[in-house]
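Below: a set of structures, written as structure tokens.
In the two complexes that follow, subunit A is the common piece, with subunit B as its partner first and subunit C second.
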Partner chain A sequence: MFRNNYDNDSVTFSPQGRIFQVEYAGEAVKQGSVVVGIVSKTHAVLAALKRNAEELSSYQKKVIPIDTHYGVALAGLASDARVLSNFMRQESLRERLTYGRPMNLSEIANRIGERAQINTQQYGRRPYGVGLLISGVDRNGPHLFEFQPSGMVNEMLATSIGARSQMARTYLEKNLDQFADATKEELIKHALSALKDSLSQDKELTVDNTSVGVVGGGDLFKLYEGQEVSPMLASAFGEGEGEESMEVDT
Partner chain B sequence: MNHLPQAWGRPRDDVYGAYNASFLPQDGPKQHTQSPIVTGTSVVAMKFKDGVVVAADNLASYGSLARFTDVKRLRQFNTRAVLGFGGDVSDMQHLDRLLTSLSLRENYADPGSSGDETDTASLDAKNLHTYLSKVMYKRRTDFNPLWNHILVAGLDDADKPFLASVDLLGTTFSAPSLATGFGAHLAVPILRRVAPDEAAAETLSMDDAVNAVKEAMKVLFYRDARSLDKYSIAVIRKDGVQLKEDEKLEGQSWAFAETIRGYGTQIH
Partner chain C sequence: MTSIGTGYDLSNSVFSPDGRNFQVEYAMKAVENGGTAIGIRCKDGVVFAMEKLVVSKLVKPGANKKISTVDKNIGIVCSGLMPDGRHFVSRARDEAASWRGLYKAPIPTSALANRMGSYVQAYTLYSSVRPFGLTSILGGWDSEAELPVDGQVGSGPKVGAGGKKEGQKRGGPFLYMIEPSGLYWGYYGAATGKGRQSAKSELEKLNLSEGDITLEQGVKEAARIIYVAHEDSKDKDFELEMSWVSSLDGPTKGRHEEVPKALREEAEALAKKVIEGEDDDDEEAEGGATGDQMEE
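The block that comes next holds the complex of A and B.
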């Protein structure tokens, strides 16, 4: 029933020095659908592939706006992402109320990292089963942070987490030198291309399953979903693809 | 050690009698500050073209006694904000501690991209004023106010001059020229003559503003019995803070006093 005796809780080391519960939480992130984040010198972009449980159901939310200057994309347990994003919203609001300024991104990223790490170190608790990409613009410019259930937080130029995300990261590594000076439109194009590379063969990006979050250049964080992403898909992959044209009676 | 005097006793109660505890507070409710004890008087400040000038004298009074004559009531927070404290000095010292820990926290969280240790500008004057207004309002809501009137002078996030006040009730107010305490009555009209509104302050030169503030400090020394001719003055501009803490009022003329009966030393 159990893989071994050392994965019952998050406070027990295996003889090899591993903490299996934390590793399983990392696996939960890899089961989630893929999300991509990229930053340029001026902008930060999140792109995500949404999944629906069945044909007729709605799609699971993947990009969550937190404050006007940043948002997160999630891979893994959506309910854990809800807890973390509520916490981030609360902290961001508190920062605005007490100091009248937007939350610093490295600050909030490290704060949820701290929270997640504590969950791996106390008996009776469990690690979060979600990975986040935290992306936005603060007084030091655009930022992208990768958060893992282990509590690890890293600042990235571009990264991807979730199922088959290695394919997306390969694309990002190949095109890394173009990101810094890219325009907003080019950055979105790169994010969608990276996202597309990670798809399995029977899938494609459509207006229904694609979410894009953009912030930078003086604009506030904006989440694009549904018909709003169709021009982005069109410019990334050419007309026709990605967008299912509506059938009309003639 | 038991710090409550009524428990101290005497070495020979049979000789000296028991400790007289009648002046000590009898059992009763815990009391908060009902009035300030050691106080600083006016703080005077004024915006100009590309910065703010703020001044306060170096006196801390114990009632009408000029008790401490080298108390620095201007506090530089970072390269873009200076605070001026009027009112209770011990509450000022409490706020000073609070601001020191805030500043430490800020510098650990975000040392700034420049890598320069002195560039701790992650909190600008506006942020600091917002924070202080919350602290002051919290304390008055607890019926335990910090008995101060504070001027926050500096630059906002767009490097524009910023000047605002917060008092013991948490009331905030902003104007091109501000003063606390006695100065609110005496200095403000003098400063407003130099720059009546924001538009005038935006064209005012630094020298004119500094001179106007010095003039106001002088008039305050003439007419405010709780003031001193030793003062501190700070100028906050984009290129940093210039703080002088040991200035002396210049060009005093007490000729007017001789004609006023009951004013100053009367020989006849």
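The block that comes next holds the complex of A and C.
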């Protein structure tokens, strides 16, 4: 109704001090499929549900490796995520070239936060329509950051963004105290279970629609997709479902 | 007050017929929803405290600091839109660095307040930007050490502009608060955010202008005031974040630092005790409803 006057651009405050364009960009994140991130004392895990447009099409990429020590999972406009992830790759490489060290995750998270903030304060721009989970291990240990289109960046122990992600967050809150000391395998199991809780009734996790990014314990960031996730699905949900998903693929 | 629908509130930098900029006033509304932040100017330093509401259990405790260091002796705490706060602090760091580059000395707190006030004001001049949804409290300790006018490079003029009086001290603790309009003042005690009204009235009770409160006392009062200001949103959990900056021979050696955990927890324990005591009093004198809705 009268809200319409104040939601044409991101340089107009509403009488309540809100910026609707930024809030709408936040809605775009909720349209994207769900992604989950969890950290323990040693590892960082990202898990994502990939979507395909139709039966015959491929599945949209959800987890993007950035550097050898971290990656991001996205929910929302994939092209905006590509812009931001390219920027993150550049910055990470610059850090390695000039200082000879891997980029700190808090630093890269804050840099994209500052970039996104500019898009909410100047006319002719629009906020990024994507949310990111930035996760990996740097010299201060494992980290997980949540990035929102407003430029808000928060360090989390575990979180989830995207469609129906509240269900995943409920799971994560319930199991929060188990994460810190969890092994790599347990952490993956929790991430997949949280992901599963966010699925709509007619869907399930398969080797085709699931991707998992893992880093920690001295290993580099590795993206697991296709057949590589089937042992993870099997150990998370029992052999039955694991075999089922194998059949789909063969 | 009936700004809505008049058409003068849809664009930044537009004057209404009675000379107001409504977009700036709306930006101030964004600040009013933020967590309470305060700053106290004590006789030997400055204390900052921030009420950080815990929005979710999943947020990492103790991470996501909201008080920032600008130059080694200056701190900023912001209330309002946090991404705007990061932009603001980033600009403040650039200003401090460029001052150092030019004058070979740290930027005086007053000069930084002036520059940041100008920067915020610039965002009220054009319709192509929006004002900062932010009120920031900026404070620091300016060194009292005698320096040549142009620092390490040589000595400056002895008289006239840039000349210095023998033995005159210029440094000390300073505190400023900058509003979305770019307006700023120096303060003995400053408060902003949701609980600013109760925080302000507590600050006024301290008689800070008499200048006899020590930094350690300041830390304890700051913790208590944040706890008092939190009373209105009791149902939500919060984390207390505190930082301070003292003179060269004080506990922080002229630097802006986080208040040590032990001292913060001591201050928090004291604050909780005081609050519980007040609660008992409240039950006796119920009905004395506070006029909290008088703002605007």
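Note that in this section the second predicted complex is superposed on the first by the 238 of 250 C-alpha atoms of A that agree within 3 Å, B and C clash if a C-alpha of one lies under 4 Å from a C-alpha of the other, contacts with A are read in each partner's own complex, and residues count from 1 in each chain.
Here is the rule we go by: a contact is a pair of C-beta atoms (placed from the backbone, for glycine too) under 8 Å apart; a residue touches a chain by one contact, two chains touch by 3 or more.
Source: prediction; values computed, not measured.
Using the contact criterion defined above for the overlaid structures, shared-chain residue A:Phe13 touches subunit C, although it does not reach subunit B. Contacts of A:Met156 after superposition on the shared chain: subunit C is touched, whereas subunit B is not. By the touch criterion defined above, A:Leu97 lies against subunit B but remains apart from subunit C after alignment on the C-alpha atoms of chain A. Touch counts on subunit A: comparing subunit C and subunit B, the chain ahead is C.
By the touch criterion stated above, A:Gly124 is placed in contact with subunit C alone, subunit B being left untouched. In the superposition on chain A, contact of A:Leu172 is made with subunit C only, not with subunit B. Touch criterion met: A:Asn140 reaches subunit B, while subunit C stays clear of it. Look at A:Glu107: by the touch rule set out above, it reaches subunit B but stays clear of subunit C.
In the superposition on the C-alpha atoms of chain A, no part of subunit A is touched by subunit B in one complex and by subunit C in the other. Those residues of subunit B that touch subunit A in the complex are listed here as 109-110, 113, 122-123, 126-127, 130-131, 134, 157. Considering their complex, residues 3-5, 9-12, 22-23, 26-33, 56-60, 63-64, 81-84, 86-87, 90, 123, 127-133 of subunit C touch subunit A.
The residues of subunit A lying in touch with subunit B in their complex are 97-101, 104, 106-107, 139-141.
On the side of subunit A, the complex with subunit C involves touching residues 2, 5-6, 10-19, 110, 113-114, 116-118, 120-124, 144, 150-152, 154-159, 169, 172-173, 176.
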